[in-house]
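Note that chain A is present in both complexes that follow, paired respectively with chain B and with chain C.
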Partner chain A sequence: EEQRYFSASGAPLWLRRRQHSASCRELAVRGPRLQLRSLSAATSAVWLAAYGLFVLCQNSMVLSAAIFITLIGLIIYLHFVKIDQESLLVISSLGIQVTSSYASGKESTTFTEMGQVKDVVISEAIHMQKVIYYLCILLRDPADPQGVSEVVPLFQSSKPRLDCLIEVYRSCQEILEQSKATPQSS
Partner chain B sequence: NSPAPLPERAIYGFALFLGSWFGFLLYLIWAYVPETWLFSLGLTYWPQKYWAVAVPVYLLVAIGFGYVLLFGINMMSTAPLNSTHTVTDNYAKKQQQKKFQVEAIPALRDIPISEVNRMFFLPEK
Partner chain C sequence: MVLKVFFPSCCSSAESGILIGRWISEQSSAVILAVVHFPFIPVQVKQYLGEVQRVSNVSVSVLGSWSNSKQEKEESLSEFLEDLGTIFSHEPWIQISKEGDSKFWSCSVLQKHSDTPKEEEIILVYYDQRKVLLSHLHPALDTVTSAEHKADSASKLSAIFDTVAKSKVLFMVDRYDEGPIKLTHWQSDGVEASIIVELLKQVSVPACVLLTFLLSLISGICRSRVLKSWPLSFLWSKLSTCEQLGHRLQHLQVISSNKKAQNHTQLMRKANIFVSLMIDVALGMLLVSWLYRKNRIGHLADTLIPAADHVAEELQNLLQWLMGAPAGLKMNRALDQVLGRFFLYHIHLWISYIHLMSPFIEMILWYVGLSACLGLTVALCILSDIIALLTFHIYCFYVYGARLYCLKIYGLSSLWRLFRGKKWNVLRQRVDSCSYDLDQLFIGTLLFTILLFLLPTTALYYLVFTLLRLLVVVVQGLIHLLVDLIDSLPLYSVILRLCRSYRLAAGVKFRVLEQQDGKPLRLLMQINPLSYGNVVQTYRLPTYSCYPKDSWASLCKKLFLGELIYPWKHKGEKQD
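On to the complex of A and B.
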C-alpha cells in the first residue's frame, strides 16, 4: 500500500496510492514526523546558549525568555512550517485538488477545475544550486489554446525524486486521458 | 577585427606601459615622500595621504564583495519554480512549423513539454 522513496535531500518518504473509483485517484506523499532527537538537539542548543548568556550577564530573565522562545518557536514551526503530508486527488470529470497537512493538524487545500488544467508534467529546474525534478500542473491560457498561462508546482516541501514522480505522473496521466477522451459539454 | 599584432596596437601598448609605470611611480612618491619635502618643492595641491592606504583597501574589499554580489545576482535571476520560463519562452511560442519532407532530417524545433514527458515517462520499463 505504501511504498518507500527518497526526497531530493535524502530524507525518506512514503507514497500511498488509493483508487477510489475508476475515474478518481488519490496520491499522498508523507514525510517523516518530527524526530525526538532533532527536537532535543534544538532545545538543548537554545538552552545552552541562554545559559551562556546568563553566566555572562547574570540576568535570570534570559533563562525564562529562552524557555518561552523555545515553546513559541515549536508551536510556530509545527503550525506553519512542518508539512507532514502532501496529497493529490485527481477526479477526471471535476478537477485536481492539492492538500498540504501540517504537523499541528492544519490543512491547506487548493482546487483546480479540469477545464483549466492543460497537463500534469515532470519538469526540471534549477533550485538553490541544484537541478531538481518536480511535478507541476500546467494551466491553460484562455487566449492561446497551445500556451501555458501558469505553472503550479506540486510536492514542494517533500520534493520526491524522479522514481516517485514517475509513479505519480503515470497515475495522473491515466486519469487525465479519461477526461480528454470524454470532453465536457460547457 | 582579428587579434593579430598591428603597428597601432604596439604603439598603444607601449604608451599604456609607460603611462602605468609613471602612474605607479607617482603613487609611490605621493605615499612615501613626507609632505614638507613636497611643499618645499612647491607642489602643494595633493590629496590627503589617508587615501594612499584607503583606496587600495576599498578596492580589495570591493573585489571580495563582488564575489558575493555576483552569486546573489545569479540566484535572483534564476526563474522560480512556478514561472512559465521553466517550460517555454518567446522563441518557442513563435516558432514556425516546417513541412515534413520524406527521407530528410526533420527540422530543428522546440518540442512541447507534454510530448517530451509522454516520450520519456509513459512507456513501461
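On to the complex of A and C.
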C-alpha cells in the first residue's frame, strides 16, 4: 500500500510499507521518475547552443560534439545521479539493509548487522539554507558502550518531510524493540 | 528467539536425508553444509564427522533432517525422521520438508530439553555455496579498532564465511563416490576443475626452480665487489633505472619463491606482481617494436645532438640577456660580466663534450633502447635519466647560483646582527648582545654595504636558474609518477573484481523471496562486491615511491634562503 508524502523541496514522494513476516519489514520511498519535459528542455538547450556556435565558427565538429555530450551526459546522469527509489529492509535478528536504486537499474546496497546498530533516530541538520529532519542509523562504538561511532543518514536523495519520517521511524522501532527484547546471548 | 537456517541453494533438489553443518549458538543460527542420504549407518556418520572436525577445525555435526517427497507427505517417513533425532542428539533438531515442486518449505524445530516450549520464528536464508566458499570477506576500511576489540566485534557474517571456507575437506566426497557416506553439496553437479589451471600448476614448479637459480646468479653478480666500489656505487644510486631494475628483481624473487602463499593477501600480492610484470614487459616489447621499425631510433639519435645544441644556444641567449639590462633592471656591471662569462665558458665546455660523444650516440642509444624489452617502466626511467644527463649543466648552474646566493644571505644576516650590536651564540644557539671594537664595526659595515648592493645581481641569476631547474624537476617528477602508477596498480585484483566479483566481498545483501503465510520467512543471501576504489586501495603494491618530502611552506623557505632543494624523496634514501 502506497501513501503520498512530500519531500523537503516540495516534490511528491510515495512511501510503501510491506510486512514480510513478524520480524521483517520493508519500507521504500519512491521519488518522481524522470520527466520527459525536463529531458527535452535540457537537450534542446544544449543543441541550440551548439547550433549557435556552429553558425559562428562554421565547424561541423561542434554539432557532433554536442550530440556526443548529450548522450554521455544522459548516461552518466541515469547511472550515477538519478536515484529512483530508496528502501530500508529491517530484519530483526539479522540487521538493516539500505538500498538505493538508480534510474538505469543499478542498485547499491549496504547491510549493517544488528549487533552494530545502536538505534534509529530522527535528527535535524542544516542543509544549504534550510534546516531539515532526517532519519539516521547510529552505529555502536566497540570501544565505548555508550558512545556512537558513526551516524549513517538514510533517504539522502529523496529527503522526505517529518510526517513520512515519523511513519518510517515507528515501523523501524517496532522491529528494533523485538530484537532488543530477545537478547542474542541467551 | 529467532532461529536462522542457512541453506545452500544447491541442495534444494537433493533426495531425503539428514542435514550436517555447524550450529552457532551465540547467534542462534545453523549453517547447513551438506545432506547425507539414506542408507547410512549412524556410527559411520559420526566417525566421518569426527574426522572432518579434526582436519578442518570446524565443529561439524548432524543438525536435522531433510525430506524431499515427490508425492504427498508420507507419514512413516516423518516418524522415521523424528526417530533419527533421538539417535543423533542435537539441540535443537531442525526438520525441513519440501513437497513436490513447491517453493514454500515447512520448517519445524524440536526442543527436547527446554522447559517452556516457545514458538520460535524461523528464517530460511538461501546462500550460494560455491560463491561463499571462494569469496574473501574484507573488513571495513575505515574502522580503526585495537586488537582486542576486533576479536569482540568479529562480524557474525564472517563466522558463516569461515565455516564454509574451512570445510573444504567435507566437499571432497560426493554421493556418486563409492563409500559408506553419500553427500550432496555444491560439487554434486560435477566436480569442478580446470585442465589449464592444473597444467599450469604442474609447469610452474620447475619454472620457479629455474627462475630462482637465474635470479641467484644475477644477484650474486650485482653484489660483487667490483660493482660496489665507490665511483660506480655512487653512479648506481643516482640513476633511477638501476633502482627500478632492482625493484623488479625483488618482485621476481617474490614470485619465484618456493613457498606457497599462506593466506589470501599474499596470494593476491603474488598474482598482482605477476600480472603487472607481464603487462609491463608486453608494453615494453610493443614500444621496442615500434621504435625499431622504420629505424625511428636512428632518427631519434640524430635529433638528440641538435636538441642539445638548441638548448645550449637558448641558454647562451639567456645569459647575454642577463648580462645586459634584463627586464629593465640595472645590474652591477663587473659582477654581471664575471658571472655571465663564467657560465658561458661552462656551456662552451659542455657543448664540446657533447660534440665529442656525438659519433657514439647512435650506437649507445640503439643498445640502450633494446633494454626497453625489460619493461615499459624501465624505458620511462631511461628517458628520465637521459633528460637528467642532457640538462646536467642546468643543474650545475643551479648549484653555483644557489651556493653563491646562500653565502650572500648568510653573510648579510650575520652582518645585520653586527649592525645592531648582536652576535649569534653557537654554544647557546641564540642571539646575544656583544660589544664590538671600532675597526670590527667599520669593516663589518663596509662588507654589509657591498653585499647588500650586490644582492640584486646574484638574486636574479639565482632566480633564473632555479626556475629552469624546477622545470626539469617537474618533468622528471611526472615521469616518475607514471612509473609509480604502473608499478603499484593491482591489475589482477581489478580484473578479478570485473569478472568474478564474488571473490572480493565487502559484505552481503539480502533479497526477500516470495512468502506464504504460515511458512518461514525466505531470504536470499548474495555477495555484495567491493567497490573499485576500495579494491585498488586494499591491494596496492608497495613501491619505492617518490613523494614530495617538503610541504609548500618549507619549500618556499628553502628557496628563499638558497638551500639546495631535492623535492622528490625516495623511500629508503638516507636523509641529508
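In this text, the second predicted complex is superposed on the first by the 185 of 186 C-alpha atoms of A that agree within 3 Å, B and C clash if a C-alpha of one lies under 4 Å from a C-alpha of the other, contacts with A are read in each partner's own complex, and residues count from 1 in each chain.
Following the convention adopted for this analysis, a residue touches a chain if its C-beta (ideal position, glycine included) is under 8 Å from a C-beta of that chain, and two chains touch if they have at least 3 such contacts.
Computed from a predicted model, the values in this text were never measured in an experiment.
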Which superposed partner A:Ala28 touches (first chain B, second chain C, both, neither): neither
Touching partner for A:Val46 - first (chain B), second (chain C), both, neither: neither
Contacts of A:Ala8 with chain B and chain C, given as first, second, both or neither: neither
Touched partner set for A:Ala103, first chain B, second chain C, both or neither: neither
Partner chain in contact with A:Ala65 - chain B first, chain C second, else both or neither: neither
Which of chain B and chain C A:Gln116 touches, first, second, both or neither: second
Contacts of A:Leu74 with chain B and chain C, given as first, second, both or neither: neither
Chain C-touching residues of chain A, taken from the complex the two chains share: 20-24, 26, 89, 91-94, 97, 99, 109-111, 113, 115-116, 142-143, 182, 184-186
Touch list for chain B against partner chain A, complex: 75, 78-79, 81-84, 86-88, 93, 112-114, 117-118, 121-122
Chain B partner contacts - residues on chain A that touch it in the complex: 118-119, 121-123, 125-128, 134, 136, 138, 144, 146-153, 156, 166, 169-170, 173
Interface residues, chain C side, partner chain A - complex: 1-2, 4, 26-28, 121, 123, 125, 145-146, 149, 152-153, 155-157, 507-510, 512, 515, 520-521, 523, 528
